[in-house]
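Multiple structures follow.
Look for chain A in each of the two complexes below; its partner is chain B in the first and chain C in the second.
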Partner chain A sequence: MSAVSLLTIEIATAILAIGLLVIGLIVPKDQRQGIGYLATFGLIIVFALTLLYTNVQETVFNGMYIIDPYSTFFKQLFLAAAILVSVSSFDYVKRLGYNQGEFYSLMVFATLGMMMLASAGDLISLYLGLELMTITFFVLTAYRKNDFKSSEAGIKYVILGAMSSAILLYGLSLIYGVSGTTVIGEIAKGLNQGAQPLELLGMIFILVGFGFKVSAAPFHMWSPDIYEGAPTPVTAFLAVASKAAGFAALVRLLVIALPSLQSSWVVIVMVLSALTVIFGNFVAIPQTNIKRLLAYSSIAQAGYLLFGLVAYSALGVAAILFHSLLYVFANLGAFTVVIAFYNKTGSDEIKDYTGLARRSPLMAAVMLLSLLSLAGIPPLAGFVSKFYLFTAIIDQGYIWLAFLGIGMSMVSVYYYLIVIKVMYMGEPPEDSEPMKLPVSIQATLYATMLVSLFFGIYPAPLTDLALSVAKAFFPF
Partner chain B sequence: MTSTIIFWLIAIIIMGSALMVVLLRNIVHSALFLVVTFVGVSGLYVMLQADFLAAVQLLVYAGAIAILLVFGVMLTVRGDIKYSNLFNRHKFTAGVVSLGLFLLIERIILSSDLLISNKPALESTVGPIADALLTDYVIPFEAAAILLLVAMVGAILLARGEGKPQ
Partner chain C sequence: MITLYHYLILGGFLFCIGLYGALAKRSAVAVLMGIELMLNAVNINLLAFNRFLNPGDVTGHVFAIFVIVVAAAEVAVGLALVINIYRDRMTTQLDDFDWLKW
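Our next item is the complex of A and B:
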């Protein structure tokens, strides 16, 4: 296939984003609501296009860009997340009332950046994809201009994001300096002349840079403030898709480019993952704001995802793929409830969720299933994916880490149950009425609930897919 | 021998002016020292016989970006300009940590051997750069274009007040 036909997905996404930007400028102000529908429709078409590429394994421009089942899996994940977020944000953006076209356009641009991260075959494309994603999120985070918290979150994200990018870039430049190539597939060959201190330094900087992006402890401190301050649909997209994109790139870099340093980076990743699950789960307990609670829970989930990297095996990579899919859908379900609840009540406090089960059984049920899935309770998808993650590390002999993970999962059940208790046992406020949800929100809620339930009860198709993708990706 | 002396001179200029960017209290002075840093880096490019890159560095960084920076300062800074780039109370700790990190990284760099290219210098550097940008590096090239578009749109969105005519 020619380079252009292999790049169809990226080109289509770029055209969609630029098209939305232009349409947002020429359509009269009172008719801009339709742009959200257009964005969703366009994303669905791009998603359909990716189905044609599921088994393609090719590189273009001498290894500069890789189209393989691994990257296509992640692209489909990002697109699914983008579709669900855009559907669930119709009302939110309408309430926002300004810059509607730009909102969806920026969201599609961020998706394009994530795709580049998953597919990048050299360090320059990887870095540019990362920056495209991050800079778009800077703008989206500060989108509510009259909201003090949103502006504060934007500023914090700019400063910390720029610093972590600088650290990552320094690491990448050191690896280039030692190996003499920026092509990820050839770095391993360039590094073969014995481990040098400089390689280790580059690797550490890369781990720190990506640690920020996936919010692993101790580089997580940006995420709760920013998740709380950003507009909720942006938080949802930031929490699920950008984290998955960070993992896609990190796994490719460590496994393909730096296998010679495996014995060194596995120790660092192990410490990071243990710290992350402990910290994320314990600090989540005292939270009273649902967005902050979900932020700490997603820090903890990043720790579980790092387990797959510690395992350094095809099963580990497959478990990362499986868990990131479950993580995306469970978190999107929970965040969609938060978006809908905010649209109705204007509150993000957990205590205001009291009696939600009686005001809106659907919202409470989706929140329940999403949280239990994140906690890893059978028969939900979270159980299966955590089972694979723990199996992968036990296979490699890290039994203590598996025990730690299981113990921390139990801690997580506690704070998830607090929310569930408020929703189901609490009394609804005196003057409250049943909540009517718009069709778009209902569709998102049903979709996320179905995915969590279906892959929990019948995980075989997804397991087979994840394993075959991981085997094609993992070199040995 | 002369090239070594020139290299060290340029290196000292770059390091010194970069330090001044951080240490000075007046942000306009910092911006001006940043220009000196950019000029120093373009000197390094000249030493590497990358004449075109050196010219681009001078035009784009020392020229355009420095002017943008000064404009940005002019439009945003309120209050006394003499105290516009201050330290917080962690000055001492930050100094110790930075010094430690610097010494560590410096040790590591000196104890590693970096790849040194022994290819002869190119006759013309413009052509090969153009070829590379439109063949192998076309994806990063296009991505950078999109990135700039997004940054521009974002800057306009954030700078324009809510509810103003769109």
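Our next item is the complex of A and C:
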């Protein structure tokens, strides 16, 4: 296939993003909510296009860009997340009342950046994808005008995001210097003279940079603030898709480009994952804001995803693929409830969720299932994916890490149950009435709930897919 | 004779100065300037490696040009957000941005 036909998905996404930007400017102000529908429709078409590429294994532009089952899996994940986020943000964006076209356009650009990140076959395209994603998120984070929290979150994200990019880039420049190439697939050949100090330094800088991007402790401190301050649909997208994109690139870089340093990076990744799991789960306990609670829980989930890298096996990569998919759907379910609740009440405090089960059984049920899936309770999908992650590390002999993970999962059940207790046991406020949800929100809630339930009860098709993708990706 | 090591040491120094500025400065604009220094240290590294280790190749140059372009975009967005928050709070001192627990 020619380069252009291989890049159809990316080109279509870019056209969609630019088209939304233009349409947002020429459509009259009172008709702009249609742009949200247009964005969703366009994303669904692009998603359908990706189905044609599931078994393609090609590189274009001399290895700059890789289209393989691994990247296509992640692209489908990002697109599914983008579709669900744009559907659930119709009302939220309408209430903002300004620049609706730009909001969706930026969201599609961020998706394009994630796709480039998952497909990057070269350090340059990896950096470009990363920055396309991050810079768009800077703008989206500060999207609420005259909201102090939103603009504060924006400036904090710019400073920490730019700093982590610079650190990552310094690592990439050292790796380029030692190996003499920027093509990820050829770096391993250039590095085969054993571990030199410069390589190790580069690897450490890369891990620190990506540690920021996927918010692994001790580089997580930006994420709770930014998750709390950003507009909730942006938080949802940031928490699920940008983290999965960071993992897609990190796994490719460590497994394909730096296998010669595996004995060194595995130790660092192990320490990071243990710290992240412990820290994320314990600090989540005292939180009173639901967005901050979900932020800490997603820090903890990043720790579980790092387990798959520690395992350094096809099963570990498969478990990362599986867990990131379920993490996306469970988190999106929870965040959609938060968006809908904010649209109705204007509050993100956990205490205001009291009696939600009686005001809106659907919202409470989705929140319940999503949180239990994140905690890893059977028969929900989160149980199966955590089972695979723990199996992968036990296979490699890291039994203590598996025990740590299981123990911390129990801690997570505690703070998830606090939210569930407030929703189900609490009394609704005196003057409250049942909440009527818009069709778009309902559709998102049902979709996320079905995915969490279906793949929990019948995970075989997804595990087979994840394993075959991981086996094709993993070199040995 | 100036060798690769001189350039790498210069890059390392510049990176450390930039990192110190980014971590120690209180003004958001000064922090962004520190980050620019870090990115320029990366450019020095890339060009030095390209010049001394792969003289026939232009990969390092291309990478450096991309870094310059993206850094410009990044700092443009960063300064826009600084103006945005200045309009709200009448300050650009990072210590004053404490509405969210840091």
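In this text, the second predicted complex is superposed on the first by the 476 of 476 C-alpha atoms of A that agree within 3 Å, B and C clash if a C-alpha of one lies under 4 Å from a C-alpha of the other, contacts with A are read in each partner's own complex, and residues count from 1 in each chain.
Keep this in mind: a residue touches a chain if its C-beta (ideal position, glycine included) is under 8 Å from a C-beta of that chain, and two chains touch if they have at least 3 such contacts.
Quick caveat: nothing in here was measured; it's all calculated off a predicted structure.
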Which superposed partner A:153 touches (first chain B, second chain C, both, neither): second
Which superposed partner A:169 touches (first chain B, second chain C, both, neither): second
Partner chain in contact with A:228 - chain B first, chain C second, else both or neither: second
Contacts of A:106 with chain B and chain C, given as first, second, both or neither: first
Partner chain(s) touched by A:116 [first = chain B, second = chain C, both, neither]: first
First (chain B), second (chain C), both or neither touched by A:124: both
Contacts of A:8 with chain B and chain C, given as first, second, both or neither: neither
Touching partner for A:29 - first (chain B), second (chain C), both, neither: first
Touched partner set for A:138, first chain B, second chain C, both or neither: both
Residues on chain A lying within both footprints (that of chain B and that of chain C): 124, 128, 131, 135, 138-139, 142, 146, 154, 177, 180
Touching residues on chain A, where the partner in the complex is chain B: 7, 14, 17-18, 21, 29, 60-62, 64-65, 97-99, 102, 105-106, 109, 112, 116, 122, 124-125, 128-129, 131-132, 135-136, 138-139, 142-143, 145-146, 154, 177-180, 196-201
Chain C residues touching chain A - in the complex, by the definition given at the top: 8, 15, 18-19, 22, 28, 31-32, 35, 38-39, 41-42, 45-46, 48-49, 53-54, 59-60, 62-63, 66-67, 70, 73-75, 77-78, 81-82, 84-85, 88-89, 94, 97, 99-102
Residues on chain B engaged by chain A in the complex (per definition of touch): 105, 108-109, 111-115, 135-140, 142-144, 146-147, 149-151, 153-154, 157-158, 161-163, 166
Chain A residues within the chain C interface of the complex: 123-124, 127-128, 131, 135, 138-139, 142, 146, 148-149, 151-156, 158-159, 162-163, 165-167, 169-170, 172-174, 176-177, 180-182, 221, 224-225, 228-229
